[in-house]
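Read from first to last, the chains carry the letters A, B and C; within each, the first residue is number 1.
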Amino acid sequence: MSLLEVRGLTRHYGGVRAVHRLSFDLAAGEVCALIGPNGAGKSTCFALLSGLERPDAGRVRFAGTDITGLPPQRILRLGLARTFQIPAVFSSLDALDNVRAALLARAGLDFALLPRRLRPLADEARALLARVGLEELADRPAATLAYGDRKRLELAMALAHRPRLLLLDEPTAGLALGERFALVDELLAIVRAHRLAVLFTEHDMDVVFRIADRVMVMDHGELIAIGTPAEIRAHPRVRAVYLRGGALDDAETSP
Amino acid sequence: MGFFLVQFLTGLASASALFLVAAGLTLVFGVTRIVNFAHGSLAMLGAYLAWALVGVLPAGPLGWWGGILVAALAVALFGLLVEVVVLRRVYGAPEIFQLATTFGLALLIEDLVRVLFGPADRLGPRPPGLAGTVILLGEPMPTYDLFLVFVGPAVLGLLWALARRTRFGVLVRAASEDREMAAALGVDERRLFSAVFALGAFLAGLGGALQLPRETLHLEMDLEVIVEVFLVTVLGGMGSIPGAFLAAVLIRELEAFGILLFPRITLVLAFLVMAVVLVVRPQGLLGETETGSGPDPRLLRPLRPAGSRARLATALLVGLLVLLPWLVPPYGLVLATDVMVFALYAASLHLLLGPAGLVSFGHAAYFGLGAYGAALAVDRLGLGTFPALALAVAAATLGALLFGAVARRLAGVYFAMLSLAFAAILWATAVQWDELTGGDDGILGVWPDPRLSPLVVWYELVLVLTVLALVLLRTLIFAPFGLALRAVRDHPVRAATLGLRPGALRVAVLAVAGALAGLAGGLHAFAKGSVFPDVLHVARSVEGLVAVLLGGLHGAGAGPVIGAAVFVLLEDWASRLPWWRTVVGGTILLVTVAMPEGITGGLARLAGRWRRRVREAEG
Amino acid sequence: MSAPLLEVRDLVVEHAGARVLDGVGFAVPRGRALALLGRNGAGKSTTLRAVMGLVPRRRGTVRLAGRDLERARPFEIARLGVGYVPEDRRIFRRLTVLENLEVGRIPARDRDNPWTPARLFDLFPNLRDRRHHPGGRLSGGEQQMLAIARALRGNPELLLLDEPSEGLAPAVVRQLLAALRAARAHGLTLVLSEQNWRFARLLAEEVCILERGRVVFLDRTAELDARPDLRRRWLAL
C-alpha cells in the first residue's frame, strides 16, 4: 500500500487552474521530486497536502487515513511535516527554543503553565539540532542565523514531529552551490536513516537528479509526466515545457 | 408608514456624514497602511471651524456654504502639516507605534480645539433655504436631513470618479496595491501619501462640518466619532470605500430602527451584527484579506530569565515596598497603591502586546468589567471584599472570552480597532444602563471590609496581590504556554503547521490578561470607594498602552511596572495642569518617534555601552 | 569612447546578515544589452533591485550616464530614465491594462515619447483586446508583456528585466524576443537577468555570470558561446 495517495486533487483561484486533477502515489521511503516552471502549481499542491488550503475537489489519503480538508495540525500529527521555500522560523526565539516550540506542540504541552515542563524537552531539542549540524548555534536568535542555517533549523523543527513524509519546498533555494550539495547530502542521510518519504520541489536540476528516486513534472496545474530521472530527461513534452529555451530555434528567431 | 419612511431617511442622512468621515479613514489606510486614531479629531476640528466661520461670515447661503467648505479645506491643510511633520516618521514603524502616535495627536488636537473654541457645547444654525421641514406621508422631516441623504451617494460617486477617471486616482489605487512597484515606475510616494492624507482630512473635516446643524458640538466628539468610524471601516472592510458606505448605512439603519426595539443598547446591537459578520468574513463586507505587518522587529530578541543580580534587586525593592507605610506620609501611600494597581493593569496588557503580539486598544474593557463586577457585588449582592474580587475577575474573564471568540482570527489592525470598539460599547452601556450602573452618577460606597479598610492594611493587601500576579505573569511567559505564544506571534502559519493552535492560544491569553486586568479593576474600585464609567473609557485603554510603551515592549514584566510608575507620577503632576492632554500626548509622540524601545530598552542600551566602556578601560 | 550609460562598481548588498552581493561590477554602453546569468540565488535579481534603489547598498557605486545614484530614491531613478520589469511582474491586479500603462507614464519624459499605448499595442497585440481587463485576469504571458509595456511607457533609456522568459510558453518567449528587439531599434539599453541561456544569447551582446554574489565571467556573448565547458560549470546546462 502506498503511503500517500492523491486522487483528482483540484484547486482553482478565480479562473486560474492552480492545481487541476492531480493524481499520484508515493511509497514509504521514496524520495520524489516535483518540478515545473514557476506558477505550475507546485506551491499550491504543497499547501493542499499540508492542510493550509482546502481543495475544491479530489481526495488525499495518508497512511490509510483520509486527510482531505483536515487542519494542518491534524495532518502533522499523522506524520506529514513540511518546510517552506523561504525558511519559516520563529525569529525572536533562539534556535533551541524554535525546536522546543515544535516539540511541545507534539507533546501537547502548548498550554502547560509551568516553566519546568520545558526542561525535559531540551535534550531532545539539542539532539535534533545536532542532527542538522546546528548544535553550536543553539543559543543564537533565529533572526541572526545565516540563510542556510535557518533552512537547517526548519528541517530540525519538521523532524521534531517524527514524520513519515516530509514535504520540502525548494530545500536549496537561496543557497550557494557548495552549500547546496552539503545540505542535500545531509538531508539524504537523515532520510535514509529514518526511512522517510520525501516529496520536494526544486529548481536546481542537479539536485533533482542527484537525489530523486522519481520525478513528477507539473505545468499549468496538471501533472504532465512522471518517471525516473532518466525517463524525465528524455521526455519530449518535459523538454518542451520545462527546458523551454530548447524551443527557441536560432534560425527561426534571428533577424 | 410615514413614520418608518422618515425613520429610514433619517438613518440615511446620518449615514452620509458618518460615511464621509469613514471614507477618509479607509482611503488613508488603503495607501499608507496607517489607522489614523486622530481622524475623529479632524472631524471635530472641521465641525468647530465651521461653527466659527459660519458665525463670522455674512449670513446667507454663501456665508453658510462658504464656511463649511473653508472649514473642510482648513482641516485638509492641517492634515497635510501633521502628515509632513509627524506621520512621515512612523510609516515604517510597527502598527502599535503608529496607532499610539496618532492617539497622541488626538490628545493634542483636543487641547487645540479647547483653546481655540472653549469648552462650552456649541450648536450651529441650519443653512438658509434648508432650515424648514417637509411633510412625507404625513410625517415631518427636516429639509436639511433630506439634503444629507443625497450627500453620501454623491460623495461616493465623486470618489469613484476620482479613482477611475483621473491620473491621481489611478496612482492612488496602484500605490494601495504595491507601493514599491509604483515608486519603481516613477511615482513619488511621499507626495502621493501627503496628498491622500490631505484628501482624507478634507473628508473628515467636511463630514464633521456637515453635522453642524444636526448635533451639538462638544469636546468628546473626537472619540465618539472615531469609535463609530472604526466600527464602520472594520465592518465594511479596511481600504474599501464602497464597503464603508454599505457599513455606514447598515449601522445607522440598525440604530434608527434598533432604538425602537432596544432604546438603550443600539451600539450593542451594532457590535453584535459586526461580530456575526466578522466571524463569517474576518476581512469585513467588501475588504480584502489583511495579513498584518508581522512581528515587531524591536521584539526580535530572545527573552532570557533575569540574572541573579536583577533578582536580588527585585527582592530588595519588594522588601522596601513592604516597609513603605513606615517611610512615607499617607498621601504617598495612596499614590503607591495607585501605582501598583496601574502596574498590574499595564502588566496584563503587556502580556498581550509583547509576548502574544496582540495589539489591544480596548484593555479598559476588562479593567472596567472588573471594577463594575466588584462594585455590583458589594452594592447589589452585599458580598465581602474577597468574593467581590473573585467576581471582578470572573466578569472580566468572561468578557475577554467573549471578545476572543469574535476576534481570534483577526489580524493586526482589525484586532486593534475591534478591541477599541468593544471597550467603547461597554462604556456606552455603562453610561446608558443607569438602572444597573447608575449611569454617570456611578456606584458609590464600594469600600473594603472594615478589617481591610485601614490604609496600611489595604496597601499591603494590594502589594501582595500585585506581586503574586506579576510572578504569575512572569511564570507564564517562560512556561511552554509563553513559548507557544511567542512562536505564534512570530509566525502564525508556521506555528499552525507545527501543531500549535493559534486561535486557542489567543483566546487563552486574552482570558489570562482579562482576568488580571479585572483584578486590577476590582482593586481600583475598592481603593476609590466608587466606580464611574471612566473605568471603561478609551482614555483608560490608552493610558495602559502608553505605560507599556514607556516601559518598553521587550521583556517579561519589568517594563510595564516601570512604565506604570513613571506614567502615574507624570499624570499625578500633569492632571493639575489645564494642559494635561498636551503633556500626555506629547509624551506619547516622544516615546513612539524618538524612544521606541522604552525606558527599559534605553537603560539596557546604556548599560551595554557602560559595560563595553569598562571592558575597554580594563583591556 | 563615451562614458557607459550604466556603470556598477564594487556593489555590496547584505540581507539579514548574509552577503547577497559581494563586490559586483560591470558597465553597459549606451544601446547595448547585457545579460546577467547564474543560478537561483546567485544575486541577479538583487543586482537589478540595487540599481533601481530598491535595496539598500552597503557599499559600491551605481552611475547612470555618469551621475551617481547614491542618494536617489526609486522614483527619482525611474524619472532619470530607468525602466524596471520585476521578476514576478507585479502587475497592479485591480487596475486595467490601460491604467497599468498610465502608472508607467512619466509626465516629465512624455514629450516625444515613442511609446504611446497605440504603439505598445502594436508591439503586443494581445494587450489591445484586453486593454479594459483588470491586470489580475491576464495570463502569465500577457502579464509579462504588460510589465514590459508598462516600463516602456515611461520612455526609459535603460530597461532592467528580471527573468523575462521565466515560466512562459515558447511561443510567448518568441514574441517577447521580437518585441524587445524592436524596442532596441529605438536605442534602448538593456540589462536582463536570465536563467535561460538560449534566450539571453539571442538578445544580449555581453554576458556577466554571477555566482554567490560575485562576477565570475564578464565578456562578449560570443566568447561564452564558444565555451560549453564554462556554461556547464556556471550555468549547469
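We adopt the following convention: contacts are C-beta pairs under 8 Å (C-beta built on N, C-alpha and C of every residue); 3 or more make two chains touch, one makes a residue touch a chain.
This one's a predicted model, so the numbers in the text were calculated from it and none came from an experiment.
S.K.: Of the chain pairs B-C and A-B, which one is connected by the greater count of C-beta contacts?
M.R.: Of B-C and A-B, more C-beta pairs in contact link A-B.
S.K.: Please indicate which chain is farthest from chain C, where distance is taken between mean Cα coordinates of the chains.
M.R.: With centres defined by C-alpha atoms, farthest from chain C sits B.
S.K.: Take the average of all CA coordinates in chain A, do the same for chain C, and state the distance between these two points in whole angstrom.
M.R.: The mean C-alpha positions of chain A and chain C differ by 31 Å.
S.K.: Provide the C-alpha centroid distance between chain A and chain B, rounded to the nearest whole angstrom.
M.R.: 42
S.K.: For chain B, which residues are shared contacts with two or more other chains?
M.R.: Nothing qualifies.
S.K.: Could you list which residues of chain A touch at least two other chains?
M.R.: 143
S.K.: Touching residues of chain C toward chain B in the complex: what are they?
M.R.: Of all residues in chain C, those touching chain B are 52, 54, 73-75, 78-79, 84, 86, 90, 92-95, 99-100, 102-104, 106, 150-151, 154.
S.K.: List the residues on chain A that touch chain B in their complex, please.
M.R.: It comes out as residues 50-52, 71-73, 76-77, 81-82, 84, 88-94, 97-98, 100-102, 104-106, 109-115, 117-118, 141, 143, 157, 160-161.
S.K.: Which residues of chain B touch chain A in their complex?
M.R.: So the residues of chain B touching chain A come out as 295, 299-303, 475-476, 478-481, 483-484, 486-487, 489-491, 493-501, 504-505, 508.
S.K.: Chain C touches which residues of chain B in the complex?
M.R.: Residue list for chain B touching chain C: 167, 170-171, 173-174, 177-178, 180-189.
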